[in-house]
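Report on one structure; see the data block that follows.
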Amino acid sequence: MHFFSDNAARVSPQILSALADADHVDTAYDGDAWSARLSDSFSRLFEKDVAALWVTTGTVANCLALAALCPPFGGVLCHEEAHVETDEGGAPEFFTHGAKLMTVPGDGAKISPDALQSRLSAIRNDVHQVQPHALTITNATEYGRVYSPAEVAALGALCREHGLGFHMDGARFANAVATLGCHPADLTWRAGVDALSFGFVKNGGMTAEALIFFDPALAADTLRRRKRAGHLLSKGRYLAAQLLAMLEGDLWLDNARAANAAARIIAEAAGARCMHLVEANEIFLRVTAQEAATLRAQGFDFYDWGEGAARLVTCWHHEAKDVQPLANAIAAL
Amino acid sequence: MHFFSDNAARVSPQILSALADADHVDTAYDGDAWSARLSDSFSRLFEKDVAALWVTTGTVANCLALAALCPPFGGVLCHEEAHVETDEGGAPEFFTHGAKLMTVPGDGAKISPDALQSRLSAIRNDVHQVQPHALTITNATEYGRVYSPAEVAALGALCREHGLGFHMDGARFANAVATLGCHPADLTWRAGVDALSFGFVKNGGMTAEALIFFDPALAADTLRRRKRAGHLLSKGRYLAAQLLAMLEGDLWLDNARAANAAARIIAEAAGARCMHLVEANEIFLRVTAQEAATLRAQGFDFYDWGEGAARLVTCWHHEAKDVQPLANAIAAL
Amino acid sequence: MHFFSDNAARVSPQILSALADADHVDTAYDGDAWSARLSDSFSRLFEKDVAALWVTTGTVANCLALAALCPPFGGVLCHEEAHVETDEGGAPEFFTHGAKLMTVPGDGAKISPDALQSRLSAIRNDVHQVQPHALTITNATEYGRVYSPAEVAALGALCREHGLGFHMDGARFANAVATLGCHPADLTWRAGVDALSFGFVKNGGMTAEALIFFDPALAADTLRRRKRAGHLLSKGRYLAAQLLAMLEGDLWLDNARAANAAARIIAEAAGARCMHLVEANEIFLRVTAQEAATLRAQGFDFYDWGEGAARLVTCWHHEAKDVQPLANAIAAL
Amino acid sequence: MHFFSDNAARVSPQILSALADADHVDTAYDGDAWSARLSDSFSRLFEKDVAALWVTTGTVANCLALAALCPPFGGVLCHEEAHVETDEGGAPEFFTHGAKLMTVPGDGAKISPDALQSRLSAIRNDVHQVQPHALTITNATEYGRVYSPAEVAALGALCREHGLGFHMDGARFANAVATLGCHPADLTWRAGVDALSFGFVKNGGMTAEALIFFDPALAADTLRRRKRAGHLLSKGRYLAAQLLAMLEGDLWLDNARAANAAARIIAEAAGARCMHLVEANEIFLRVTAQEAATLRAQGFDFYDWGEGAARLVTCWHHEAKDVQPLANAIAAL
């Protein structure tokens, strides 16, 4: 049984159906009927007029958002273990034309208002030092932790005070919402978020992610930047159709709930082995090399995460019966 | 009946099947079994070891190739009506970090060796003038014209003489090969081409194009640039599977032949109205506004192309019976 | 006697004196007393509050202005023989992060309102085509022609109509003003110009040029871009002092008048050999290779300008007695 | 008496003389007789064929070097308090087109081989993580510490082992050489350094710094990048002349020795108040706000350096009699 990545999972059956349903002639690029419905569909979900763009990766969603919020000569505050800082191959610098990522420490890849304030205070306002223009946080974080609406709002207030744009990398936004049981609006624009990378691929999607601007005016230049980055697919309807299928009947939320539930079963069995609170679909486990080998010998796949640690990720299609054997095996270590 | 774009067409049924077949758990990004077969499959087609990468648009294929062949301070020679110059929203400048497109005139969007030589001769070799580092041509061209292997080889020889990299934008490469009846190798690396954007989306594909480096060493940095541009999809297997389906049984060639045949039927009916020799699947027609309206009134869709002209594009699924009514309507104008 | 470039001339004696006068300890970068006087001094000259920055080259002045007026995904309209297009080694693309230069033809390197309007009309407003954001003209032009205040104003009106920023490359602005006898304000902001590269180095200066923003708010980001491009010299007072010396007693205008007067003496002798109206300090001459050799044999230095042509440039220190021998030699050809 | 910056000092009298001496007509840009002598003069100093370019700031020297050593998608290792990281307004990112600065900690802004090795070991070699391509160190460091030839060589060996280019920011290289009493070659290319920003402005110069490539082949593209960044001054002879004057009779070394000697007098008086070993011309002092005020009341100028600290910088023209009063005042605190 595979627990190495939610990117490795197969797609929800509704995705394949949606592709077949969209298989009709229509206007190219994003001029088609499916793409035309996107902003309305996401506006309903967020209870606010938003601009929604399809893109193919979380990286490009993140980076288009950052380019919209930060000039080339500015800086973007992020956690020192944020995906944009450590795992996007320099994409933020590419899309922003060299804006500087300014890192902030914090447990579980979370940024606290104090840590943010402290970082801001250390920056001299002169032309010799890069000035911050935006903050980006990841929710759920790279360690599977979750920011509550109140925690996001506290950061949002600091952003407004310092004139910073506010972006949320929501590669696992669905898992965060599922855990918090809150309204998507409360976790985003009501808390001061300007742009959201809304991930679907890790959550049962195939090749479509959404970039949401809560101020639709921010999207205008981004449409040009998307094209300029080679990200305006000519048959965009096959991306839009995937996103619409995900929103239909809250499939995105069902999928996330399933993955989260599977993670909780493992987390409970793992107990004190968990390095971080398990609030989404990732479990970071303290295991010796010997213990890891024992688990692998029983057919469980996962990634090592530095020395003495392992990362396990559950997926939308994991049911209790799928993960219980792993939970048992961990408990038996 | 729609003739406005081959980007608007539905996909070949084999593409949907391939997506379903690939719907199994596998390693993320391009570490999966499908992606792993790409270079071998294209190497067989080209009778040479090549590096093949999946990408999602022709624009990114073109621009990754140009970035591999030209430094930021260099120039890329292209036709003044080339897609990279007129229709990619500044993407070549984005990917190359500001390399300069240096345009060359020529009928039918074709560059002749004389025109190329003449352009090269006008450039002073000093630090004040940008120096050319690469040539890019489109085959079939933006006006549906085709470069023969000998014509490509003549340009390739000039490239070697002047130390220029040589890229071919093959958004409709399949149509060119189908028309010429030549071996794909003769139209590319045997004629001096270093990199090919091999288009599939206009030819019945969904969201996958191929970027081919005939010197596999050129691909190493490009893998990093692809990631850095947000173009490394996490479920890449669904792209690789599309390309493999296209190569299977030469589906790509069958589709192109069908589109070309449909175009020829229209071209023959149009006769002297054709503004350019019809050698692929595009027909540029001299029509008055009144004549265009007459055609549209009969249910034929197409784009106006400036004043007094229209562009019609045939697709992989057009059969003789589909285009004959249009041919008749044109003949009757 | 040298006529190959006004860049080759020695500096006005006032420049060396100014450097000696500024040779006292003061705050680094642009925090010194000399730099602090710049904006006020230029505001007096232009009869308007302006922001004035010292820079070291016309290229960086031009490119900082363009970066202030055009986003990376935009375009800058310029003459096809403009210095920014042909002689700055790709600097505009570097500073703007890849904005596209969109060229316009015209005699004497001048852009007419009709030519500009025609170029604008050919651009489709969609994300596939780069959209123009600014116009830049050179006054005096690369061929020594001059735009009158009315001609500039006609272009300025088009810029406002189309939402374009308007930059003037004034590498030889002094020569233009000297010829026109107009007020510097009439040739710039009163005619709709947003930013001016005000050249001094070709006019007797050493290493300092001025970049003028007629809307001082435009300068804020530019101060950061100047630093980011390595152009914030640590002993900036030695640049500011040069510019202040040039403004003192209208030295800039005296120098330009002298150079223009010298050019007119040559132009009158050359008569119909002049390829362009001589309105500044450059003369483009029709001469055979034999005739050029004849002149050189008499000790006159100048550049060939393609086949059958030569460029001669007069300088601030040329007096009638210096150029009369050349005028005589040309008349005697 | 001013101790706030060596950038604030006046210039050596030889610099003004050199400008007057160079005040003759000559070829523009770097085609003049002075510029032509640069590489030879620096080659003699370094006992090796080098390519030497004049530039106007240390920032552009650093950034041109980094752009020569690191591609846009690569990373540059530097100290977390390096000038390139904290005080160049994002210039390294601008010149490298977004390469990532990867910081390393260390006392006194020095990088140890262990710290470098540890940072390197933490980087996964995949396309998701930016790969380091170069190391840059500052000698003397931002805290006035010095790397010995052996220390530089140990880092140089690590660079070769890991395929990294090696740059030295020598804004105060003269002070380091003066302190070490070593040969400039031992501190640079013999220790594995590929490129040196050789500072002169802080050491009595006016507007000229030198960029030295120990492999002259590295300079070719840099000449284009210098032009493209607007840094090719048209009257370059006035920069070259400054550098030649500095090399003449080892003026650069005399000036640095004088500044260092002045710093040592202060350091000895300050004793345990010194936060870092004083090995160049900077003294970082532990002083209370009250003590700082006491010094200022006696007429001594300097910068606060965070809470409870001050930075004092001595200059080329400081003699013992100039700094003794400050030394006495510090001792008397």
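Odds and ends about this structure:
The chains carry the letters A, B, C and D, assigned in the order they are written, with residues numbered from 1 in each.
Simple rule for what comes next: contacts are C-beta pairs under 8 Å (C-beta built on N, C-alpha and C of every residue); 3 or more make two chains touch, one makes a residue touch a chain.
On a predicted model such as this, the values are computed, not experimentally measured, just so you know.
If you take subunit B and subunit C together, the chains in touch with both are A, D. By count of C-beta pairs in contact, C-D exceeds the other of the chain pairs A-C and C-D. Centre-to-centre separation of subunit B and subunit D, using mean CA positions: 50 Å. Between the CA-based centres of subunit A and subunit D the separation comes to 42 Å, rounded to the whole angstrom. Centroid to centroid, with C-alpha atoms defining each point, subunit A and subunit C lie 50 Å apart.
Taking each chain's centre as the mean of its C-alpha atoms, subunit C lies 34 Å from subunit D.
Residue numbers of subunit C whose C-beta contacts span two or more other chains: 72-73, 88-90, 94, 97, 127-128, 224, 227-228, 232.
Remark: subunit B residues 29, 71-73, 97, 127-128, 131, 221, 223-228, 232 touch subunit D in the complex.
Residue ranges on subunit C touching subunit B, taken from their complex, read 72-73, 75, 86-90, 93-94, 96-101, 127-130.
Note for the complex: subunit B touches subunit A at residues 2, 4-5, 7-11, 16, 19-20, 23-29, 55-61, 63, 88-91, 94-95, 201-202, 206-207, 224, 227-235, 238-239.
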